[in-house]
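You will see chain A twice below: alongside chain B first, and alongside chain C after that.
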Partner chain A sequence: MILKLALRNLWGAGVRTWLNAIVLSLSFFTIIWSQGVYHGMQVDATRNMIAMELGGGQYRHPDWDPYDPLTLPEAHGAIPAPLQKLIVADKAVALLLAQGTIYPDGRPQAVLLKGIAPEQQILELPPIAPAAQPGQIPVMIGREMSESLELGVGELLTLRWRDHTGAFDAREFLITTVFSSSVPTIDRGHIWLRLADLQVMLSAPGIATLVVVSPEMTGTQLETDWVFRSQDYLLADLRAMVRSKSAGAAIMYALLLFLALIAVFDTQVLSLFRRRREMGTLMALGLTRGALIRLFTLEGALHGVLAGLLALVYGWPIVYWTAVTGFALPQASQDFQFAIGDRLYPVYTLELVLVTTLLVLVTVTIVSYLPTRRISHLNPVDALRGRRS
Partner chain B sequence: MIRITGVCVGLLIAWSVGVAQTQLPATIVQPSGEQLLELIDANMVAATQQSTFSLNIQTRRGSRTIRARSWAEGSENSFTEFLDPPRERGVKMLKLGTQLWTYHPGTDRVIRIAGHLLRQSVMGSDLSYEDLLDNQELLQYYEAAVTGIDTVLERSCWVLDLVTREGEETAYHTRRIWVDRERLLPLREERFGSSGRLLKQTGITEVMQLTDRWYPRRMYFRDMLKEGAGTEILFETIEFDCEIPSHLFTTGALRR
Partner chain C sequence: MTAEPVIVINGVSRLYPVSSGSFAALSDIELTIAAGEFSGLVGPSGSGKTTLLNLIGSLDAPTSGEIIVLGQKVQELDARGAARLRRDQLGFIFQTYNLLPVYTVFENVEFPLLLLQMERQKRRDAVMDILERVGLADRAGSRPAQLSGGECQRVAIARAMVKHPSLVLADEPTANLDADNSHRILQTMLTLNRDLGTTFLFATHDDKVIQYLRRVIVLFDGRIAQDEVRDETAVSAGTPGGYF
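Entry: the complex of A and B
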């Protein structure tokens, strides 16, 4: 009976009910949509980084600290036998890293040289196409790098480097491949060469800086003195970054929800003020104070349910459409250093929808309940006269 | 710049100082590479020197000039203070052996130049900090041979080829130096990578005679991979065997 009464009262409130529900539904929809966007960023970036950079984990030369470029000149050595076996079995790929300087338009610019076997299948990188002329060394660069240098396939690049003894050398390299990648950490400031070419340039055959294992090797760790970094370890920074951005967005959610809840609270207080005679009549007809409190709380809480339904009506098509077709990201978003493509596909999980729904319903119920506590002190006679107890 | 003027183009300058003081024995018509290098290595260092110089840095965008004063003690230690332009005034550079520090008054910080910072350009010039630290004894690291006679700036020169000795580590695999046969000044030097690519070129374009010695007055240093006419160094004053307070060659002097 209380539910029926609450629904009738809610419907009877007309525009006031709908305004509350709309404001609440906007908060509801914004939270779900933006959390879906963040989740989509993480899913997309994780997938891309695993495919193009991290694989199933990395074995690193013990002297290499990726956060300390000063370690790079010494951080290479012969590949340990267990890792060599994996490479032969096509379950891993060796990479050699070195510092270099290029001279686009005669201006020196520091770059990271990466040597990789052209026939490898572990990372989703295109093979470095061979040079047409014998004696030319082919290199591959990413599209972003190509655009920033204003150099494309068939053009020459002057590169200076130091071999493993510290001696400088320089020569022209032919750009034979430009690849598209959504992982900025393999594109910007990177020059890709064939592993054997870079080893010759450094006068150190057979050396590598790290070995990337295939995703199917995730969770397997070999006995070697090279330092193993698991996929989870390598993705920890990305996850922390998404968590941080998500936490930042929570402030906006809290603000939106607060405004919506204020509206509900205000409605409840107004109802209690204007509907004193109604409360007195109901009590005179035998409704207990507890039942009266439940009635008014339910009326308030139903705003949450109504908001959920409303958000479903206009939000579901938007959520579905963006999840399927994605949306184009502005160029400036590339500066975020997220490994996401040109289009972002939000990912909405059941957990996200349930948690958000629960959050909205619980907070609305609490906010609806708080003003109704006054009913416990209500005198039915005073209420019938329209007076306060 | 810190050997004659400090470190900058140390080898070239040290040469000009040292070789000018030592003459080839009259009996030697054509010295061997080792003999020339011995003369160079033996005379690399002036005991102390103080100089004022200007760097004219020419890039594709234009040129700018920086003036500095420098004190040097042997080939190891030097102290340079930049005087002009106003934005560089007060910047100091200290070289102690193979270590290098800079001080910027704007930030009031002393920074040790090490690792990849050594590859950075000095004040936007064609010189890197590594070039400033390049004060190795050539004979120890290079095999030398006089390969001919050539003319540079209308002066007859020995052509001296240096190739890195087996097992030694050098920044440049080979070097070619044109040494003035009469004044024994290195009028030009070219530095090559192991592939034979010319990487850097230095030279003297103007000399001056002080008492019985010849010294470079105007020199250039050019990174051959970069666009631009390179960096020109003009010595305004040079003084040898002068008194230099020892506290100048301490990191504490950078903040004074």
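Entry: the complex of A and C
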């Protein structure tokens, strides 16, 4: 019954109701949409990183610290037997890492050399095409690297490195492959070589720095002295990064929601002020103060419901369309350092929608209730005279 | 029906605090209203009519004394009980109509029945029946802003009457109406009083109302100055007021 009355009042209030509902629905939609975008980024980046870099987890040489390049010269050794077995069974791939220096425009620039078996199937990397002439060593670089060096397929690249004994060596390499990937951490500052070539260059055959297992191996852990880092562990950084980005966005939609809530609050205060006589009449007709409070609170809270419906009407097509077809990211978002593709597909979870709906409804109900509490001091005689108590 | 009175008022006073102590809007009121009466509190502005009507309607509480409405001691009711009494038994008619502006005529009149949780079809029938009686059945879909003052007050009467209350309290119902409309409204109420046995208590200083009253209770400075029951012939002949 109260609901019916509240709906009638809301409907009767016309333009004001709609304005409030529109502002509320905008913040509602913005929250869902932006969170969907960030979630989509995470899903996409996670998928790409697993496919191209992390696989189902890594076994690392115990001396290797990925955050300290100075450990690299020591951080390799013979592949432990259980891992070797996996590699033979096509369930893992060995990577050898070393430091090198290139000289674009004559200036030295440190690069990371990565050796990988060209025939591997574990990571979604193209095979490094062989060089046409014998004696040339083929290398592969990413698109970004290629653009920044202004070097493409068929061009030569001078590289200097230290071998196993610490002696410097330098020579020219032939770029045979340029790959494009959405994972910046395997592109920027990386030079990919065939594992065997790099082992020869370091004059240390049979060694590796880490072994990446295939995604289907996620969850199993082998007995070895190499340090196991699970997929979850490796993705933690990414997740933290997405969290901090989406927390930044949260400030924006908290502001929007705040504005909308102020509008609803204002409407409530105003109607309590203007509708005193109406309240007195309702009490004379037999409504209790409690019912009056419920009625006015519900009236305010229904703005939230209306906003939800409104957001559904214009938001659903947008949400659906972008989720299915994705949308092209503007150039600036490349700075995100996420492993996201050219098109972003927002991912909207049921949880996201439910939590957001609840958030909007609860906050709207609270701001509707706050001014309404004053009704409990209302004296029907004063209210009927239109006086303020 | 039994002879039990609709309103019993014993030694009721209502004091308002003012800067110089307290002001007695009503002093030591003794009054009994029987079922089916068509009576009025008559007196100049400020004599305490509205105050007494509000006390009877359980919208306000007396400073001292006892008020019994339809067998219930009003002071003993809590807020919920008072609201229930108003919802179930009382009808209010105000000088300013106090219709709900966003509702249609139909919805305004339907409102008390919604509070009573009456079912839809019964509600519809009751609303249309009472709108018929006040001559506004064809305006059911209009909003108060589209009606004249007389029509608004007839809607208010319909709203007060639709649940067939035992007692209707009408505070200056004709104050904003011209002579024609005043007479129509009083005729309507008199008819409802006869047909349904509803007890009416007015507060007024309007001669046009006074001539319809069967009992005139004169208030002056918060006291009952005169209480006169008039016979049927005097009423229908339209005896003028002249009480103050």
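One rule holds in what follows: the second predicted complex is superposed on the first by the 388 of 389 C-alpha atoms of A that agree within 3 Å, B and C clash if a C-alpha of one lies under 4 Å from a C-alpha of the other, contacts with A are read in each partner's own complex, and residues count from 1 in each chain.
Criterion: a residue touches a chain if its C-beta (ideal position, glycine included) is under 8 Å from a C-beta of that chain, and two chains touch if they have at least 3 such contacts.
In this text, all values refer to a predicted model and were calculated from it rather than measured experimentally.
Asker: Which holds for A:277: it touches chain B only (first), chain C only (second), both, or neither?
Answerer: In the superposition, A:277 touches chain C alone.
Asker: Please indicate which partner A:381 is in contact with in the superposed arrangement: first for chain B, second for chain C, both, or neither.
Answerer: In the superposed model, A:381 contacts chain C only, not chain B.
Asker: Which partner does A:108 contact after superposing on A: first (chain B), second (chain C), both, neither?
Answerer: Once the two structures are laid over each other on A, A:108 reaches chain B alone.
Asker: Pick one for A:285: touches chain B only (first), chain C only (second), both, or neither.
Answerer: It touches chain C, and chain B stays clear.
Asker: Have a look at where A:65 lands relative to chain B and chain C in the superposition and call it first, second, both or neither.
Answerer: Touch status of A:65: no partner.
Asker: Between chain B (first) and chain C (second), which, if any, makes contact with A:11: first, second, both or neither?
Answerer: So A:11 only meets chain C here.
Asker: Is A:266 contacted by the first partner chain B, the second partner chain C, both or neither?
Answerer: neither
Asker: Which of the two partners, first being chain B and second being chain C, lies in contact with A:163: first, second, both, or neither?
Answerer: A:163 sits against chain B, while chain C stays out of touch.
Asker: Taking the stated contact definition, name every residue in chain A that is touched by chain B in one complex and by chain C in the other, in rising order.
Answerer: none
Asker: Under the stated contact criterion, what part of chain A meets chain B in this complex?
Answerer: So the residues of chain A touching chain B come out as 69-70, 99, 101, 103, 105-108, 110, 158, 160, 162-163, 165-171, 203.
Asker: Write out the stretch or stretches of chain A touching chain C in their complex.
Answerer: 1, 4-5, 8-9, 11-13, 277-278, 280-281, 283-291, 380-381, 384
Asker: Quick check: in the complex, which residue numbers of chain B touch chain A?
Answerer: 60, 114-116, 119, 121, 164, 169-173, 191, 193-195, 197, 199, 223, 225-228
Asker: Where on chain C does chain A make contact in their complex?
Answerer: 54, 57, 59-60, 79-80, 83-88, 90, 92, 94, 96, 98, 100-103, 107, 111-112, 114-115, 117, 159
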